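In what follows, a single structure is set out as structure tokens and then discussed.
Chain IDs A, B, C, D and E follow the sequence of writing; residue 1 opens each chain.
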Amino acid sequence: MSVRTTRAARPLRRGLLGVAGLAGFLAGWQLVPALGLVDPQYLPYVTDVLARLSEQLVDLAFWRRLGATMTSWAIGLSVATCAAVVLGTVVGLAPPLRRATHTTVEFLRPVPSVALIPLAVLMFGIQRQAALVIIVYASFWQVFVQVIYGVADVDAVARDTARSFGLTRRERLTHLVLPTALPYLMTGLRLAAAVALILAVTAEMVIGNPGLGRMIELSRSAGDAVGLYALVVVTGLLGLTVNLVFRFVERRALSWHQSVRGEETG
Amino acid sequence: MPDRTLLRVEHLRKVYESTTGGVEAIGDVSFTMAAGELVCVVGPSGCGKTTLLKCLAGLLRPTGGVVEMDGAPVTGPSPAMAVVFQEYGRSLYPWLTVRGNVELPLRHKKLSRAQRRRLVDDALDAVGLAHAAPSHPWQLSGGMQQRVAIARAVAYQPEVLIMDEPFAAVDAQTRADLEDLVRELHASRRMSIVFVTHDIDESVYLGQRVIVLSSSPTRVQEDLAIDLPPERDQIGTRALPRFTHLRTHVYGEIQRARRGRAIAPRPAP
Amino acid sequence: MPDRTLLRVEHLRKVYESTTGGVEAIGDVSFTMAAGELVCVVGPSGCGKTTLLKCLAGLLRPTGGVVEMDGAPVTGPSPAMAVVFQEYGRSLYPWLTVRGNVELPLRHKKLSRAQRRRLVDDALDAVGLAHAAPSHPWQLSGGMQQRVAIARAVAYQPEVLIMDEPFAAVDAQTRADLEDLVRELHASRRMSIVFVTHDIDESVYLGQRVIVLSSSPTRVQEDLAIDLPPERDQIGTRALPRFTHLRTHVYGEIQRARRGRAIAPRPAP
Amino acid sequence: GCTDSDASAPSEQTSGDLRKVRVAALPITETAALWGGIKAGLFAERGLQVEVLPAQGGAQAIPALLNGDIDFAIGQPFGAFRADLSNLGVVIIGNYASSYADGDDINAVVASAKSGIRRPADLAGRRVSVNSLGAAGDVTIMAAVERDGGDPSKIKFVEVAFPDAPAQLAAGNIDAAWVPEPFVTQLRSRGDTFVVAPYQAVVPGLTTLTTITTADRTEKDAKLVEDFSAAMKRTLEWAGDPANETAVRQAIKDNLQLPPPVADSVRLPAFGWQVDRSSLQRLAELAQKYQVLDRQPDLDRLVRQR
Amino acid sequence: MTTHPGRIATTPRRRGVGPRIAAGLGHALGLPTLLLVAWGLAATRATNRFLPGPAAILDAFVDTWVGPAFVEDVLPSLYRLGLGVAASIVLGVAAGAVIGLTPWLRELLEPLLEFLRAVPPPVLIPVVMLLLGITDTMKVVVIASGAVWPILLNTVEGVRATDSVMTETARSFRVSRWQRLRFLVLPAASPRIMTGVRQALSVALILMVISEMFASSAGLGYRIAYFQRNYLIAEMWSGILLLGGVGVLLAVAFGLVERRVLRWYHGIREVHRA
């Protein structure tokens, strides 16, 4: 019956709407230079940018650089996430620890990663590790804060239940605290993924190790606006892809959660 | 009758502190309970039954007085105890299936997979939810959720079982079945049970003792031994004149508990 | 007896879709209800009572069949209707006080501040919670929370009141008081009331009609007119032989409804 | 089909006897001399295998230099001045590129047509962009304005990266921009006004890029510094030879992915290894005069050319 | 029916104000002091030009920031920061609530937002500059464009996660759209929103710095970049120290607001085994 079709139609509709949103944006962009709001020399036409992009897509060198950037991104994000989940859980579960570390955390969080680049270079030279330090530092806090809040969000009755049945600390952690914090963690991850991507690119721009960021910097210093925006579009598309993956994971991991199931029955 | 004292509650007092001032939920409650007993607790709404249970279970720290279990003060939840919460909906974990919820507390018992499975299946069967095992709690009706919470406590096979209005959301017939299940757990496994209910007939039918709490300040208004024969059944026992007599007595006590409060109202804070 | 048809339910069917397959909560239910009637709905746990109420209230879209109110199909919640949910704890907003919770739905009625205040005070008084107005819901006991939910519906002064096991968590005496409150709202304000309960005595005592639902597939097993005198009181009415007769009849019907299920068990979805 | 634009890049010669050297340089057209020299095998002749690392200026290169991650860096003299003032132990071992004493210079201040600015003195009270404040750009502009009779303290300097400057100039966010080639040509061709070439006007033939390393390395590894110096000297001579211009421009195309017309038309600086102490001295004096530096670097310590 | 008299309200035991403040300060300053001492000790043993000891940085701090620089560089930066944060809260919560409540809108915008979110601000700034000029507005826009994401995302997720029974309650009582927003959706999402705001505060500080690294000639961020380029390492760290200090102050202020907004939320948790 209609059950199947509606279920199959939903992702399709979602996809179509999303594409429509993007298309609207691109059309708006095309209009800005077309209407003369900005000289096309500085903000080129979308059509030109996409044409350049399609040229890049068949260039192996482009993929190699993309690979370099994504490798930094993936390593940095994983390290930051693991550290943040562990530390965030520990700190979030122990109120005294939370109070004691509060000032230090708040002090360290706003330190801009770009200001740490010289230090990173001093420690690791002009290499990927220097970029990784920056990526990990910036994305760590995104997950950390979310985990701290998420871990504290455990329902009072649910916690009493776990305690009364004598669940061990570890069981409580895996079966109660982490599922409760999972929606927060997913948001933190999505935030961190974007931040890590931004910093992977920025670090390459500033430090100069190979990758998309260096290509952006090269296009920039050559005054090649079309090439520059083609690469900007690539970073945007990367962010989009990463988000699609996280959404997919979320829909499976959080199928029980109101935010996901609400849409199934609503 | 078993004699070893299981629970000793003395001058228990509990005040909920909050930034806006304290609320005294329990004034001064004392009683003891022997191992293997089935005690029902009744009392007006808001008199502190849930609070009392939480203190017994070691989930709340009393403001004053003593709660002792097996001679040692209760400082935290004991592994020999299981609780069925009044807010059954929130005590089930939405991320686990019904089976997962029931199985969860068994994980840290040293049981084989097959044993665990059998315990879960038996418990779900006993509450009539064998078919719902793969569902999630939020896919169940209120009464079904409540029965999952009961199944979880049953599967856990505790020595002490604490139940807070566990049958509030189920229909009359299911309720009767579950009452018999509780009696049967008590009789066959020698489980000690504390059972809070609002149904006076239920308290008399189930209990070996009924404790009536008064409110404001919460005290033990009456501690009544139920001298009905240990073998009970839904039709026969409820038809006994003694049963009617006892239930009328309890009813009167609750009335008194409520009236007493109404007569001597304390000024609002 | 009022004659205008308020609700018309015809061949109502509701299937909950989920990724693991559909669950048929209601099979085929048809009945009508006149304006100003007080109808009680009873049935085994999980038979679809809550689902039915949500369809009546316009909160769920039926999978099949028709729900009409005042001759027009129900497409969404009507402003003339108030609902007391079975999951009372989750239907109260923890960030509002008790007063705030009761007052919230009144905000879009054109009322002066003083009128609103009076309505809230009256409603809280009626459920015996006048003193709890400044507390937050999570500072209340389960029964008190449920009474807040009732007070909210009462203060709203709806034409149609839908209540889903509203007295499950309160003690016997309070329950009796609230039952009389419902009858009195029905009589004095000519409110139409749909009332789901598990207590068979309560359904007979309250209702002008009792609808018994069967489960699997959910149908109307019995639609019983309660021919007790309109003036009822807790002691006298319940002592009438007709009362006993009716309650025995309803009890038997529920037994049949359940047996039907036991004989032909539904395969798990 | 697929292409691989990296394939045309110079494959680095690998040979067991060559000593590995890491050099940081800005990814700008001037670095073409170095790239070209490497490709031409001028470093291999001296037993060096050079790896060029793109660094965004001294802030990144000098830490890497100090911790030994890189051996040499090519950068603006101000980076070396400041490092010297902070006692970082950095030394200049040679020149790299200079501006022209006459003819078209490699950079200039260009004003937008609508600003009405014609001469350096007009810059007073206007917004002028430089790529980095507190460096050769603003110092020489201030000197040029003062020399033309304007008040240098009235100029409002704004930091705008070179590539962004034309757009900002067109948008009217700034009145004039100090930019290098190819932007000077680009702006002039669209009708903006050439105001002054501040280097040429103030210190003709000013050093723009120098080769630096640490004092420590000159002492502990004199052999390396000597070999590298010799190879650099040879490379810069090679690059300055008009006969090799095509090779140099090819290096730009290979390494910067500039569109060929741009790569063929950019103006290259004057390459040369000989440090022009007097021009550095003059720059440092001006910097102190305009309070960009509060002291003068110790050129005796800083310049260590063999 | 009988009314229930109120329960005894005992005045809560209050510790004296003095000890409470002392305990608070102890928690706030204990670990930082410890770290500072450790760092100081480490600095005396091995000196590194790029990691000076706390004494040197403190000296530089006093020299650099105490005086007119505070008025010229720090205050304008903080002003822009304030505007940026306010703009991102308003925008993030408003847009987040609308997007969270409207599935089709979310489906329409989500890819676009994810796309924009991934664009690094350093490449974005020149474009914003082109459209808005080298003005304070430009910097505020840059700050808001980065800080809005944590708030937006958290609001969307918080709004989506509103308990179904609570939503049905509001619907059944025909609570109007606005009131539903004000009394249900926003409070229900407020724990998430506050998480987002907390994150946004530090992101905004970072972007304040980044926005001043372009087309600026004053400001805290400009100073830090300037010091860094000029190897005034102690001064640079003193700028970062100031930044951290601002971060801590913001967190304290935020904590006060949060305690008010989420009083109910913390109240629910407060009871348990103090």
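One rule holds in what follows: a contact is a pair of C-beta atoms (placed from the backbone, for glycine too) under 8 Å apart; a residue touches a chain by one contact, two chains touch by 3 or more.
Going by UniProt, the chains are B, C = NitT/TauT family transport system ATP-binding protein; E = ABC transporter permease subunit.
Keep in mind the model is a prediction, meaning the values are calculated, not measured.
K.L.:
Chains in contact with subunit D and with subunit E: which ones?
P.N.:
Intersection of subunit D and subunit E contact lists gives A.
K.L.:
Name whichever of A-B and A-D has more C-beta pairs touching across its two chains.
P.N.:
By the number of C-beta pairs in contact, the winner is A-D.
K.L.:
Averaging over Cα atoms per chain, report the distance between subunit B and subunit D in Å.
P.N.:
83
K.L.:
Starting from the mean Cα coordinates of subunit A and subunit C, work out the distance between those two points in Å.
P.N.:
It comes to 48 Å between the two C-alpha centres.
K.L.:
Round to the nearest whole Å and give the separation of the Cα centres of subunit B and subunit C.
P.N.:
Each chain's C-alpha centroid was found; their separation is 27 Å.
K.L.:
Could you check subunit E for residues that touch two or more other chains and list them?
P.N.:
Within subunit E, residues 2-6, 50, 126, 130, 163, 213, 228, 267-268, 271-272 contact more than one other chain.
K.L.:
At which residue positions does subunit A touch at least two other chains?
P.N.:
Residues 38, 42, 118-119, 122, 156, 205, 220, 257 of subunit A each touch two or more of the other chains.
K.L.:
For subunit D, what residues touch not just one other chain but two or more?
P.N.:
Residues 59, 63, 66, 161, 164, 167, 171.
K.L.:
Can you name the residues of subunit C that touch subunit E in the complex?
P.N.:
The touching residues are 54, 57-59, 76-79, 81-83, 85, 87, 90-91, 93-96, 100, 104-105, 107-108, 125-132, 136, 138-139, 152, 156, 162, 174, 177, 181.
K.L.:
What does subunit D use to touch subunit E in their complex?
P.N.:
Contact set of subunit D toward subunit E: 57-59, 62-63, 66, 82-83, 85-86, 88, 127, 129, 132-134, 156-161, 164, 167-168, 171-174.
K.L.:
Looking at the complex, which residues from subunit D come into contact with subunit A?
P.N.:
So the residues of subunit D in touch with subunit A come to 1-7, 24, 27-28, 53-56, 59-60, 63-64, 66-67, 69-70, 161-164, 166-167, 170-171, 182-183, 186, 256-259, 262.
K.L.:
Using the touch definition from the top, list the residues of subunit B that touch subunit C in their complex.
P.N.:
Contact set of subunit B toward subunit C: 16, 18, 20, 23, 42-50, 86-87, 89-90, 131-135, 139-144, 147, 165, 168-175, 198-200, 251, 254-255, 258, 268.
K.L.:
Provide the residue numbers of subunit A that touch subunit D in the complex, in ascending order.
P.N.:
Listed in rising order, the residues of subunit A that touch subunit D are 38-39, 41-42, 58-62, 64, 117-119, 121-127, 205-208, 214-215, 217-224, 227.
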